[in-house]
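Multiple structures are listed underneath, in structure tokens.
Same chain, two partners: chain A is paired with chain B first, then with chain C.
Take a look at the complex of A and B:
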């Protein structure tokens, strides 16, 4: 709760600092606010804080997931200093919008009432519609913004219709009262309730870009400025799955898995479509977009392992978020001017020789995303797959086959970096901020192998 | 005691809202003009509002009507963002046809 207020206040302060023209203060102020929000989350740990008449509840689940998004956002802000080096007047707006978006993400982990879920999703999304189109001289950026906006608003409409039908069936918006209605009135046999549930699944699937509602995400990821893409791929994905888990497993109940077959089919479809499309991509950003779709498929398996699923989901998200941030930090260095046409795989040729550090970090992240043992990604996959195995063995089979397919396109980047000889590979400078982020990401990706139990213990 | 809304059975509201919502969904899918698409999204949200108010009255529970206010506020904020993105695109292409926007993935 305090974290939401701190983030909102930071965003306001940043906007006013921008008006007074102190450009160099903006980044330290934003990072300070994010760190303060993280500190307040740590202070609140283990105590469920209930506020606003029970509409917001920060428990162990909310705190852990909020902590992860705040860390991810902090790393992205650290990267932004160099990324926005050419930006003069509008820097405060960029930072302010990203911070406002963060408050929405925190609402999505702590909602107890459908209004908070809806507002959280909107507060997360609306600033990002603007951020997707923030490169105003580039039509492709505006195109990304329009596609993101139309699909986002469309998904919100579907989600709201679902919430309304569930309200009609249960007579409540509070998660606890919906649970009561499920137990007492057995509403899960009502067509009204089931239609509502299906529409909510569709609405949220749009937000986390699960197939067959994923078609917007490659275009939006490609057209947005890379820093915003990194934010979407990490913070928005985490927020979407936090809300998905909280609503379905903690809200609609793990004991009566009347919705689990739908999610299982969607998960299988999502990972297959994501992986098969990623195989054909030539641009790094589009490849990462399809890879994030396939990861959404794996993450959906976390919803199918009952109350223990939040642990596996969290571990997987930590691995995925850190690897994605590392990939995009290297990508921002390789593609210095953030040219949309310049994100081809060939841009990475030979950097294994010219920039061994960056190449190593990128290779490590690719191994983690592919789920190769002893990287964090392997442990994430291991816990997710074992969790879902009891109820959906066939889904685990599909997921394992998909992981094998994904190795092909992740390794293509590694092959390009180390084995593709080019005459004179460009040697780029790595700013110290990028070194810091890469070091932290690499430490997490390797270190998680030694402390998976401690990370799992963060989530109740 | 029946109030004036409750004279009509709830099923009628359900059908009307579903029809309005479906028109909105169809419009988003088939119309080319981005402003019309935006209007169709508003239609979807208004179908939701109507149904929320109807349910709220039939259940005798005020929460649904408060929710409607939140939806209206958010819809206004969304329209603001959507129209400003459209202005941005109009400056570049002199049109708001969403099928012209195929610069990405080429």
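Take a look at the complex of A and C:
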């Protein structure tokens, strides 16, 4: 709870500092706020804190997932200094909006009352609608913002409708009371409840870009400024799955049979559609968009493993978030002007020679995203697959085939970097902040293999 | 007893990192010293090893909650495989040095990283750990082939990677399936080899478990019709890559059959044994027949390797004493022979600039010493008596004959075919008139002659005196037969 307040306060302070014209203070202030929020999460560790008359409940699950998003956001903020070097607009709006968005993410991990979930999703999304269109001179950016907004608004509408129907069937908004209602009133056979459940699945699937509700994401990912894309691919995805898990496994958990098959089919569809579409992309950002769709498919398997699923889901998210941040940090260096044409795969040709460090980090991230041992991505996949294996062996089979397919497009980046000879590949400068982020990401991707048990233990 | 294997495992990794960080001459020196020291350690291990025992080298918890352990163990055949790996790497490194490759230290580092992973595969005693090392071995070889390879290398190596990785994932599914039927000491599931062995897999799943393992190993070995990646990859990879692939890496597949597939999935075996055997024997004949028609020397050796390896796989699938003994011994012998053959091919290509049989001829006149050594290695490859190839192939055919006379006869034809294509090679390359490419070739250099003599010596010594190898494997094979019930 403290973390939410700290983040909100930081956002306000940042906005007012912006008005007073102290541009250089903004970034340190924001990072400080994020670190303070992280510290408060560590202090709170493992004690369920219930506040706002039972609307918000911070337990071990919420703390771990919040911690991950705060770390991801911090890294993205660290990257932002160099990314916004040429920005003429008021910088404070950008930082403020991203911080507001973070408070929304934290609400999504800690809601007890479904209204809080809805609020969290809205607080997360609305700043991002603005941020997606934050490059006002760029038509693609405006297109992204409009698409994101229309689709997002539509999805939250459906979600709200679902919440209402579930309330109608169970008479409760709090997830613990919904559980009781499920136990006592046996509402799960009511069409009202099942329709509500389905609508909620649809709404959340939009948010995590699961097929067939994924059509917005490639355009939005490509059109948005890369920093915002990185934020969407990491923080928003994590928040979406945190909420998904909390609502379904911790809320509707006992009545798994009524929704698990739907999610399993969506998962299979999502990973397949994402992978097959990624195969044909020429732009790195679009490829990452489809890759994030396929990862959403794998992540949905975490919802099907019962109470132990949160551990596998968390490990996978750690690996996915770190790899994605590393990929986008290298991407921002290669594509310095952040234009659409500069994001083509061929921009990466030969950087294995000219920038061995950046190339190595990018290659490592690709290996991790593809799930090759002994990277973090492999451990993530392993625990997710193992968790879902008992109940959905066929889904694990589909996931395994998809993992094999995904190698093709992840390795294309490696091929470009190392095996394509370019006469004179450009050597770009790596700012120290980028070095730091890349180093941290690489350490996580390799180091996770040595401490999987400890990372799993972060989630109760 | 347990520190020695750990040193053998760890040393190549340490040296590999050091080699990556250094350049040029120093990198060469480090790599060769490291490989030499590893070989000495391995030979010491071999000489002091009690072949009847299974030694638990290390057993640390890794992810205790999921029953994953960091555990290694060695038995006789395991030591044999370590011997194979660490014996061949010192021959492969000089070839890497002779290529004058761009960024040579990276190449040497990758080879040593591969050595580390291979040793890990042969020592792993935990299904999860085995899978990790199995995949780890794939990454260095992919980079070796894709960076230093020939034409079309990007497409071919990616195909190779995806092909083998897909197979491995199916194996992972099999391991997982068995894992869910294990009972560890504390009631949890476990990936430990012993636990996997003791698992009660329901009869309707057993064939699937077997097939999952088979998918991984059949691609790696490769067994017909899963071999399509192999000739292209062998041809396009630099010679060091081909040596690693043919000499050691495919033994991972064979060893996997021996250590993991047959014992753990023994229940499903009766249903599929004949199918596997027929596929293996088809591969034996297919590889031999295609080899006869090849013009490209490297491709020819690749197909001949396909043929030889098919026979080893057949011996394992039969699962009787002769078959398994022969297979284990032949794994080492085939490794020596095929590395020798590729060394010869590499030398010829380096000197003449071509691998085409039509463009070669008359080398024996100018390089008489090389000619003798080439002949000995070639005879080993044909499996002439008193060479190492004969020992293994004789046992393999004998084992196959006990199971099915017709299959053995068909597989035996491959020895005749082998003589046909190998002698054709020798005739075309060494005799006849000198051609444009071969006119100015001189006798092989001292280093080449020394390495080839060592290989030739191994061919002859292990052919005349194979007993030490059997001493290493006999007891273990006895236990294995009791487990698999072949």
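Here is the rule we go by: the second predicted complex is superposed on the first by the 455 of 460 C-alpha atoms of A that agree within 3 Å, B and C clash if a C-alpha of one lies under 4 Å from a C-alpha of the other, contacts with A are read in each partner's own complex, and residues count from 1 in each chain.
The rule is simple: contacts are C-beta pairs under 8 Å (C-beta built on N, C-alpha and C of every residue); 3 or more make two chains touch, one makes a residue touch a chain.
Because the structure is predicted, anything quoted here is derived from the model rather than measured.
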Combined model on chain A: chain C and chain B, fit or clash: fit
Inter-centroid angle chain B-chain A-chain C after superposition on A [Cα, multiple of 10°]: 140
First, second, both or neither for A:383, with chain B first and chain C second: second
Which superposed partner A:415 touches (first chain B, second chain C, both, neither): second
Chain B versus chain C as contact partner of A:396, first or second or both or neither: second
Chain B versus chain C, judged by how many residues of chain A each one touches: B
Touched partner set for A:452, first chain B, second chain C, both or neither: second
Touched partner set for A:350, first chain B, second chain C, both or neither: neither
Partner chain(s) touched by A:373 [first = chain B, second = chain C, both, neither]: second
Partner chain(s) touched by A:404 [first = chain B, second = chain C, both, neither]: second
Chain B and chain C, minimum CA distance [Å, superposed model]: 26
Common interface residues of chain A - those touching chain B in one complex and chain C in the other: none
Residues of chain A defined as touching chain C within the complex: 367, 372-374, 378, 382-383, 385-386, 389-390, 393, 396-397, 400-401, 403-404, 407-408, 411, 415, 418-420, 452-453, 456
Chain C to chain A touching residues, read off their complex: 61-66, 128, 131-132, 135-136, 139, 143, 146-147, 153-154, 158, 161-162, 165-166, 169-170, 172-173, 176-177, 179-180
Residue ranges of chain A touching chain B (in the complex, touch as defined): 114-115, 118-119, 122, 126, 129-130, 133, 136, 139-140, 142-147, 149-150, 153-154, 156-158, 160-161, 164-165, 167-168, 171-173, 218-219, 222-223, 286, 340
In the complex with chain A, residue positions of chain B that touch it: 10, 14, 21, 24-25, 28, 34, 37-38, 41, 44-45, 47-48, 51-52, 55, 59, 61, 63-64, 66-67, 70-71, 74, 77-78, 81-82, 84-86, 88-89, 92-93, 98, 101, 103-105
